[in-house]
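Input: structures, listed below.
Same chain, two partners: chain A is paired with chain B first, then with chain C.
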Partner chain A sequence: MRTIAVEHLARVEGHGGITVELEGDSVSNVRFDVFEGARLLEPLVRGKRYDEVAPVLSRICSICSVAHSLTSLKATENAFAVRISPQTELLRELLYRGENIESHALHLFLLALPDYLNYPSATALAADKPDIVLLGLRLKKLGNLIQETIGGRAIHPVNAVPGGFGKVPAVDQLLELRSALIEGMKYSDTVINLVSSLPAADFCRGDGVYAALLSPNLDSYYAGDEVMIACNGDRSIVRAADYRMLTNEASVPHSHAKHSTFRGKPFMVGSLARLTVKPRRSTGRLVGLRERLQLQSPAGNPMDNNKAQALELVRDMDRALETIEQLLRDGVKDERPVGVHPRAGTGTAITEAPRGLLIHSYTYDAEGRITSADVITPTAINAASMELDFQRAVTQCAERDDAVISKRLQMIARAYDPCISCSVHLVRRL
Partner chain B sequence: MSKPTVGIFGLTGCAGDQLVILNCEDRLLDLISLVDIRDFLMASSENDAACPLDVALVEGAVLSNKDAEKLRTIRKRAKMLVALGTCAVWGGVAAMDRGADRRKLLEEVYGKAGLDYDSLPAQALHEIVKVDLNITGCPIEKEHFLAAIANLLNGDVPAYPAYPVCTECRMLENNCLLIERGEVCCGPITAAGCKARCPELRVPCVGCRGPVADANPSSFLAVFQEKGIDPGVIASRLRTFAPEGVVQ
Partner chain C sequence: MKPLLVIGLGNPLMGDDGVGCAVAERLAGDPRLPTGVEVIAGGSDLFRYAAQMRGRSRVIVIDAVQDGAEPGSISVLENAGSQLDERQDHAHHLSVCQAIRLLQMTMSVAPTLLGISISSARLELRLSPEVDCRMPAILDRVLQELIWNSSK
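On to the complex of A and B.
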């Protein structure tokens, strides 16, 4: 038996590794290992009052803290049948887009790109090609500015609260964001040119199954209550309340992790899934940009998630600007959060975190204390699909050089943009 | 003069304090020109995992024997060990109920397999090794991190506010959420340094920076009781980010 192991996966959030075992030329075992300690935040949050839940559960992850915070608020508000104002909905979507811009810029430029250009890190890359790193940092900062302005802080936002926002941003703050976005959008072409000029990365081909939030205006991260799953041209819809159909955590023979599957098949979530499930997300000039990136639909190569992130990065700057224009046009109202009246019941929320579907499902008692919390993260969902792609990559690699295979496995893992702190439910390596 | 060698590490946590470092977008390239970052797994795939370090920056709490072992190794390598963030300084959210039956919770979340996990109740770094400097916050403030690096490069010891969030909030002339609106605001007992970020946004302080050194919890409790706030809610708030028993 031969083993290919990546002990500590670098340039990802959190601690994980990859192990592939081969008998002759066939893969007998493949594992995406999680080395994070178990923080047990879901049971620990039990008994907390409804307004304490989002500040605790946002701490699951820093890069996705807006996603966790807003999904948490949405689940709580669903449980209490709270209807937030249209302005709150717009501001939350804008905040979410800010996180996506920051997260994609960080992942693309600082974590994923060095592999394509054969550098160990963005700092090493900066020594030779500072323009690339500075571009990434510029866009990352833009995403953070949106998060700071709307959410009150770039990591673990404080301003989004049950029923709305503590303080609605002032007009001059939105004008400042507008200028920053117009400045950032000047670099859209450079981003697309850079990503489309990267060396081809095609290590594992196969039928992909993809799932994404079905949102009312096609490309929301926050709004929407149904998931669409695309599998070879077939499309199915699962409602938020039925989320366990997607996360039935089955055991598989080649891994010891429990896997999220849909009708027995692993599925991918994230940027590529969003663009595959709803191709209409690309409209206007995005169609042309998509062609330049050579983003195929249906997708079959998980490495294209990096290209899909580049397209979303550009698209999200456009959309964020549109949202700000709308807020300015409608007039920003200094609203207080709408009243929240606790009642016993369950609320489930599904949103699109930067790296894919995120689900929070809570049950509350009549006093508004949480009695159970279930959090399903994109990295936990993607684990099964990632392991399947590791297996495909090893099987499909013509070279038998372990160093080559190892680099490919790491690039595939990074393309999934895993957030290992987030992977609440993934079984830990013993 | 050769540049000081630095390692940046994460134990169990959300990686938010390492992300704050990466969020210093305008200063990041300056930073790498001033210090020699030898070991930073989150940002580089080429690390020296054994070299001696002038400064080790460690975020996250200790939640497993593996974390504890990693921390001891870092301590041996480093002249100076800095705890970054509330998890490293106080234990953080994972330490909120250290008395809970951990085996039961592990089984609940992970099934029978959970019983075999390498899992410890969350501990702050100082409970395991000697810590030379604490920079608290969930996450840490970017300015505090940059100031600490600048101070250390100049041979100074960084200093942080020794007063509560309440003081910062009053200087901003905000209406008091606790006295005027009866909200459960932890400002009076929480370490300042965030410029009263939450009350400034009309959101009560949740205590994410951990307790201030000269906190007076009994007078704080008396004010809450006067406002008719459920003692259970108060107790829950007080132990969310820093468990009882973590005395520095």
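On to the complex of A and C.
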């Protein structure tokens, strides 16, 4: 038996690795070992008051802190039947777009591009092609600025609270954001040209199942309470409250993350899934950008998630600017958060984190204290789909040497942009 | 030139992994903190604070290090990239070592890393007893470093 192991995708020892076993040219076993700390968080929030939950859970991940914070607030507000104002919804969407811009810029330019351009790391790429890395950092900074302005600080937004925002942005802050976005949008063509010119990566193509938030507004990451699943032309809809039907999770011995399937099939979430499930939502110049990226519909190549992120990165700058223009046009109201009146009950929220569907579901007692909590991250949902794609890739190139196979496995893993162990980041001495 | 900036990194949900963040939080309220020193208790992505680091004469990053030394002991790493494991093993943010290297390359900022040794990181809201009981000594040592740096 031949074993190919990719270790150290994560800092947590024994986690985040990929193991593929072959008997001859046949793949006999594939394991993607995810440390999924979010699954284990319930004891940390059980007994906490409703206004203490989001600040704790936003700590799950520095890059996804807005997603966890806002999904947590939405679940709590659903449990207490709180209706937020239209302005709060706009500001939360804007905050979400800031996180997406930052996350996609970091992932595309500093993590994925070195793979495609044959550099071992972002630092090696920076030494040779500093313009690429500087562009990524410039766009990441733009996303940070949006989050800092709307969320109150660079990470773990303190300004978003149950019922609304502690403080709404001032007009001059929005004007500053508008200028920064207009400046950032000047690089849209460069982003699209760069990503569309990357070497083809087509080594795990196959029929895919995709799931994304069905939002009432165009391209929303935050609003919406239903998920659409696309499978071979069929579309199914699952309500947030029925999320267990969607994820249908099963424990597997090699992972902290339970594996999710829909009707027995692994499915993909994230940028490519969003664009696949809602293919007709590209409008205006985005249609042309999509064509330049040669993004196919229906999708079949998970590596295209990188192209989909590039499209979203550009689109989110557009959308963020539109939101700011709307806020400036309508006038920013100095609203206080709406009243929150705790009651016993369960609230579930689904949103689109940068890397796909994120689910928070809480049950509260009558005093507004958590009695149970469930957090399902996009990486946990994607784990089964990733394993299927690892299997497809190795089957297609089983005759190649281990180094080639290992690199392809890493590229697939990175294309999914997984949050394997972002909850731990410590450094190790050589 | 802006004053000395201290950034404590870590995830408080992951036990001793959050020690850098915990040290920063305590430093910020310590009356012995030299005048003008700014402190950020941060998350796990050093690059999030790139804007705050720009134009600083000195930046000190405090973070957990797994180096086999006694938990709670401190080492000062002026050239962290060459002494620490620089593998990219995070899927969607840069390792501290890579972030320090990129800051040097793109912004001419060269943070000093104060590494606090830990033995493990696991899901836990508190520091381990062996690191927590060393916290007064850790604070003394960090303050000594800050006083020395701010007098330069």
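One rule holds in what follows: the second predicted complex is superposed on the first by the 396 of 430 C-alpha atoms of A that agree within 3 Å, B and C clash if a C-alpha of one lies under 4 Å from a C-alpha of the other, contacts with A are read in each partner's own complex, and residues count from 1 in each chain.
Definition applied: a residue touches a chain if its C-beta (ideal position, glycine included) is under 8 Å from a C-beta of that chain, and two chains touch if they have at least 3 such contacts.
Since we're looking at a predicted model, the values are computed, not measured.
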Partner chain(s) touched by A:I412 [first = chain B, second = chain C, both, neither]: neither
Contacts of A:R355 with chain B and chain C, given as first, second, both or neither: second
Contacts of A:H107 with chain B and chain C, given as first, second, both or neither: second
Touched partner set for A:E42, first chain B, second chain C, both or neither: first
Contacts of A:E52 with chain B and chain C, given as first, second, both or neither: first
First, second, both or neither for A:R138, with chain B first and chain C second: first
Which of chain B and chain C A:V161 touches, first, second, both or neither: first
Partner chain in contact with A:G152 - chain B first, chain C second, else both or neither: first
Shared chain A contacts, counted only where both chain B and chain C touch the same residue: 8, 10-12, 37, 40-41, 44, 56, 59-60, 62-63, 65, 106, 110-111, 121-123, 126, 130, 133-134, 137, 140-141, 144, 154-156, 421, 424-425, 427-428, 430
Parts of chain A lying in touch with chain B, wherever the complex brings them together: 8, 10-15, 35-44, 47-49, 52, 55-56, 59-63, 65, 106, 110-111, 114, 120-124, 126, 130, 133-134, 137-138, 140-141, 144, 152-156, 158-159, 161, 165-167, 410, 421, 424-425, 427-428, 430
Complex contact set, residues of chain C against chain A: 9-14, 16-17, 42-45, 47-52, 63-68, 80, 83-98, 101-102, 105-106, 113, 115, 118, 121, 123, 125
Residue ranges of chain A touching chain C (in the complex, touch as defined): 8-12, 16, 37, 40-41, 44, 56, 59-60, 62-63, 65, 103, 106-107, 110-111, 121-123, 126-127, 130, 133-134, 137, 140-141, 144, 154-156, 354-355, 413-414, 417-430
Chain B residues within the chain A interface of the complex: 10-17, 19-20, 22-23, 25-26, 28-29, 32, 37, 40-47, 61-64, 66-67, 92-94, 96-97, 100, 102, 105-106, 108-110, 113-114, 116-120, 122, 138-139, 197-198, 200-203, 206, 208, 233, 236-237, 240
